[in-house]
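Report on the following structure.
We call the chains A, B, C and D, going by the order they appear; numbering starts again at 1 in every chain.
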C-alpha cells in the first residue's frame, strides 16, 4: 500500500517517501558493511561462512522478490519458480565454461544478464502454457512443470549433468574491472550490486502500467477485462519478467557456488520462495526481502545449532500464518501511523511485558523439543546435550520439569500479557482515528 | 496377453491405493479449497499409529483405531488451526499445512526414531490368494482391493443416502449456497476435514505395511495425490476414482511397454545415435519417464479442460 | 442497420436446457439514452453480459457501430468503445481510488502492456485521473483503498471507471441499486453529466430514474422484448402494465 | 487480532534468540577437529544419523587408542540437507575455523560438489587448506575422471563392489536381471555390474535391465512381471530403502523363486524392512558385518563388535571408517602436524589393519582406499542377528584389499607444495 501511495506525487507529500528512501539507503550501506563486521582481524581474513550466508541471502532476495511479482502483485500461486532460478544457473555455469575457453567471451560482471535471459526464455515457454489459466489451475500446472523439469534435470546428463550437476570455475579471467573473483568477498559485492539492480528493476516494474494492471488483475480479473486489458497477457508478461529476475538470481548462485545441481530447480526451493515471500509480507514491496534474510539465516544458521530446526521453521510458519498473515513487513508498516503520531514510546513497556513471557514460552518449547529429540536421536550420535551453555543430564527429571513448566507458565502468562498489549494497541489506534477524524 | 492381464490387475491395485489417499483430499480440496499439503503426512501418521496399535492389540483393531485417531487429529487441526487461518485466504491455509509437514516429519522422527518400523502384514493375510500365469497374487492385495472398494461403497452410500451426505454433496459443488441455507458450515468443514484425514489414516494403515513405514514415506506421496485430485476434477468423487485408476494403469503400463521416442519414429526413419541432449531425449525409455506421465497428463488436461475429468467447476 | 450504436438481432442464450434470452432484437441509435426494464429474472443482466462479451451467445448477432462483436472477448469489445458497469460493484478493492481510475484510463491512453514507462512520469494520465476524481467528487478519498469506501462512493467509482476509458457506448447495470433517495439524485446527476454525447444503455429498477434519464425504454420479460419506445408510450402500453408495472406497483 | 499478531512476532523473534543459545559443546582447544557434513534433518536424515552413530563409537575407540600427536579427535557435525549448496556453506564454516578436515559420506552429488569446492578453495587459499575425507560416496567416477589430490575416498567404490558381487555369484547361476535406481550411483552400478559380469562370468546371461526412478515407484508389480517373464534366476540391484524393500516384497509375494544380490541391503534399516522374507534369498556386499570376527575367529574383532552391540540396536558395518580414523591418525603422526598438505602426502600409501588383521591401503595414484569386502547371505543361524530380526549376515565370499586393486583412469594434478 505504501508504494502505491508514493506513486501519486500530487496527492501526497513526499515525506513518507523520503523516510522510505533512507531505509533503502540504510539497507544498502548495511549490505556493504556487513562482511566487515565479521572480519577476523587476528587472522586477517573474512569469515567465509558469513559471506556465504550473506551471498545466499542476496540471491534469495532476488528470488523471493521475483516470486512476489507473481504472488503478491499478480495473485498467482506458482510452484515452479525454482525452475527459472535453476535454469539461469545452469546456463551461467555453461557460460562460465564457455567464457574461460573463449567460446562465449563475456565478462563476469555481465553473466547475470545471461542467466536472466535464460530464465526469461524458459518463462516465456512455460508461461505461455501456465498463464492460460488462473488461480488453482495455474498453481497445479506450475506444480506439474516443476516436477517435470526437476526430474528432467536428473535424467538428461548433457545439459544438466544428472545428479552430480555441472561445475565450472568462476576465475575466467574476464572482468571489466580486472577482478579475479578468487575470493568470495569479491563475489559478494558482485551479488550486492546485482541484487540492488534487480531490486530497483522490480520496484520500477511495480510503477509501470503493466505492474499496475497486474495488481488490478489480482484484485478483480473480470473488471480488468472491461477496462480493455486481457488478463492472460498481463499474467503472461508478468510471469516472463519474473522468470527473468529469477534467472538472474540463479546466475548469482552459479557464480557463488560454481556448481549447479538439480536441487536448484526442484520443488523444495520453489516452496522456499513461497515461504520467504509470505513470511516477509506480500503486500509490501520490500516484504520478501525480510523473509529471504530471515529464512536464509534460519536455514544456514539455526541448522548449525539444532537438527530439529525444521520443527522450529514449521512452528514459525504456523504461528506467522495464523497470527501475522501480513508478514513481517506488514507488522512494521502497522507501526507507521503510530510512529508518525509520536506515540511509539507508549508501546515500549507493553512490548517488554510480552517479550518476557514470550521468551519463557519459547525457551520452554525449544528445551522440550531438544530434550525429546535428544532422547530418541541425539544421544546415540554421541552428542552431549548442551542447552543454553549448560550440559544437561536428560535422565533426571529437572530439565523436563523446567521445560514443561516454562511452556505452560510462559503460555498462560503470554496470553494474559497479550490481552493487555492488545488493549494498549487498540487505545492508541482509536486515538489516532479520532485525531484523523478531527482534521 | 498374459502380461496385459497381469498389468491390468496390478494397475488396479495401485490405482485403488491412490484412490484411498486421494478420496480424502478430494473431499477436503473441493469443499474447503484447502491445498492440504499435509495430507500425506496424515497418511504417514496413520501408518505409524497402525504399527503402534497393531503391536499391542493386533491388526484389526489398528484398522479401526488408527483412522479414528487420524480423524481426531484432523479435527483438531481444523478447529485450532485451519479455522483461524481460513479468513486469511487459501495461500495462508496452504502455508499452514506446509508448516505441519515439517513438524510432522521431525515429530515422527523424534518419537519413533529414524529407522523404518517393522510394521508387517498380519500372518493371516500373508498367503497367496490365487495364481495367475504362475505368479502368485498375494491375499493382502486382495484385502487392499476389498477395503478400498468397501470404502468407495461407504462414501457413496454416505453421500447419496444420508442427510449429511446431501449437505456435503451440495457443499462440494456450491459451498456458498450451503452456508446461506443456514447449515453450520464450520461444523461441516470440521467433519469433512476429519473425515478426509480419517481416510488418509486408513490409507496409512493399509499402505504402511504394503509399502514401508518410515519417516520419508510422506514426501513420496505428496504431489501425486494432488495430481489425481486435479485430474479427476474438483467436486467429483467419481472423477477422483477414475483418475486414480487411470494413473495406476498408466504407471503400470509405462513400465511394461518399454519404448522410446526413437522407437516410435523407427517405422518412418532410423533415428541416428547421437551423443547430445536431443539424442538423450529421444532414447529415454518409457519406463524411466513413467512416474512423470501423471504430471504431463495433468498439465494437458488443465490446458484444455480446467475443470478436470469430471469436475463440476473450474479448478 | 447502419448508424446504430448497438444492434442485436435475434439474440438467444441457453444455460443448459433453459433458454434465458429468447430472441431479442434491439437497435440503439447513436447518442440515445436507452433503459431496459423488466421484472426479476427477465434476463436484463444476462443481456448485458452477452453484449459486453462476458458470456458467449448461443445464436444471433450483436453489432457495435456496425461491427460484429458477438465472438469477441470482453477486452476487445471494450477497446472498440463499449464499456460497462456491474450490478454488484466491481472495482479493484486493494488499489486506491486514484489507482482505480488510472487503471480505467490506461488502455484508452495507449499504454497497453508497457513495462518501461513509469506511471509517475505520465503527466497527462495523472492529470486526467485527477480531473476524473474531482468530477466524481472523490478527490478527498484519492489515497483510500477502494475496498474501504462507502457504498455510494464505490458506486460512483464504478461509474467513473466505466466512463474513464472514453467509450462511446456505456452500459450501466442498475447504477442506483441500493441507494437512498439523495444518493440516487446525486447519481442520476452524475450519470447525466458524464455520459453527455454518449450512447447510454442501462438496466434500472427505479422508475423515477428510468423516466427521468431515458429517451427510449425497452421492456424485457422472460427473455423477450414485449415493448419498446419512448417512456410515455411504454408507460401507456397495456401489455407492459399487465406484465410488469402492475406487478411492481402492488 | 492485532494484539495476537504482535505478541506472536515477539515470540518469533525470541525463538531465533532462544535457538541462538543452543550451541554445540565448546570443547577444549587441544583436540583435532574433523568437520562432518551429512544430512541430519529431513527425509534422508537416517543416513547421517547412522554414520554419526558409527562415528561416535569409532571416535571413542580411536581416542582410547591414543588419538594423534597426543590429542584427541573431535567431530563437528554440519547438516548438508543433502544439498550441494548447503554442503559448500558448511565447508566455508569449517575453513573459517581452520579445521583442516572435512568428512562426508552420503550422496555422490554432494561429493562431486565438495571435491570441486575443496579443490578450488585450496587453490585460492593456500594458507588455509582442507582435505576432503570421503567416507561413503561411492560412484567410481569420483576417483577416476573426477579424481583430485585433496579428495581421499575411504570406502570401496562401485567397481570394487561390483567385482566382489560378481565373484560371489554361484556357479549354477545362469541368468540375472539388473535393476537399479535412476541416479548417479544406480547408473554407475548398472554399468559396472555389466562390465564385471562380462569380464568374470561371461556364462551368465543378462536377461533384462531396468533403471527405476529413485524413490517414486510405489508398485513394483509391473517390474516383477517383467522379471518373471524374463525367466531370470537372480536379481542384482543397488536399490536401498523402500526401493529395495518394496521390490523384494512384491517379488517374494508373487512367489518368484529368485536370489537377490544387492549392494546396500546391509545398511541401517535394511534388515528390519526385509525381515523373514529375505531368509537365504538375500545377499549383500559389505565392508563388514557383525559375524565377520566369529567367522574368522578373531578375539579382537569380537570385542569390537560386542562393545558396539551393547549399546546399539543396529549393525556395525562401517569398518572402513575405523580404517579412515586410524589412517588419519597415523598420517598426522607421520606429518607431525595437521597441515593439510603434509597430511595428504602422509596419507598416500598408508596401510592400516582392522581388528581382524586385514589390510587397508590408501592408493597413491587415485586416493582410493583398497579394503576387504564381504559378500554375505541373510540367514537364520548366525551368532549375531541384525536389528533383532532373528536373521543375520553370513559371509559367502571374502575378498582381500589387494585383490581389488582395479585400474584407475585418474590423472591427478599434484600441487607443488
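Going forward, a residue touches a chain if its C-beta (ideal position, glycine included) is under 8 Å from a C-beta of that chain, and two chains touch if they have at least 3 such contacts.
Predicted, not measured: the structure shown is a model, and the values here were computed from it.
The set of chains in contact with subunit A as well as subunit B comprises D. Traced through touching neighbours, the fewest hops from subunit C to subunit D number 2. For subunit B, the chain whose average C-alpha position is most distant is C. For the pair subunit A and subunit C, the distance between C-alpha centroids works out to 44 Å. Subunit A and subunit D have centres, each the mean of its CA atoms, that are 35 Å apart. A straight line joining the Cα centres of subunit B and subunit C is 48 Å long. One inter-chain figure worth recording: subunit B and subunit D are separated by 34 Å, centre to centre, where each centre is the mean of the chain's CA atoms.
Subunit A has residues 151, 155, 308, 310, 315-316, 320, 322, 325, 377 in contact with two or more other chains.
For subunit B, residues touching at least two other chains, in rising order: 105-106, 109, 114, 288, 291. Taken pair by pair, the chains that touch are A-B, A-C, A-D, B-D. Against subunit C, in their complex, subunit A makes its touches with residues 1, 4-5, 7-12, 204-205, 207-213, 215-216, 218-220, 222-230, 233-234, 237, 241, 283.
Partner subunit D is touched in their complex by these residues of subunit A: 40, 43, 45, 47-53, 56, 151, 154-155, 162-165, 167, 169, 171, 182-184, 253, 257-259, 261-264, 297-300, 302-310, 312, 315-316, 319-320, 322-326, 328, 331, 334, 351, 354-355, 358-359, 361-363, 366, 370, 377, 380-384, 386-389, 391, 414, 417-419, 421-423, 425-426, 429. Subunit D contributes residues 2-25, 40-42, 45, 49, 52-53, 55-57, 59-60, 75, 77-79, 81-86, 88-89, 92-93, 95-96, 98, 108-109, 112-113, 116-117, 120, 124, 128, 139, 141, 182-185, 187, 213-214, 311-312 to its touches with subunit A in the complex. Put simply, subunit D touches subunit B in their complex at residues 41-46, 49-50, 182, 210-213, 215-219, 221-226, 228-229, 241-242, 245-246, 253-256, 268-269, 272-273, 275, 314, 387, 389.
By the touch rule above, subunit B contacts subunit D in their complex via residues 2-3, 6-7, 10-11, 13-14, 17, 105-106, 109, 114-118, 120, 128, 131, 134-138, 140-141, 211-212, 214-217, 219-221, 248, 251-253, 255-256, 287-288, 290-291.
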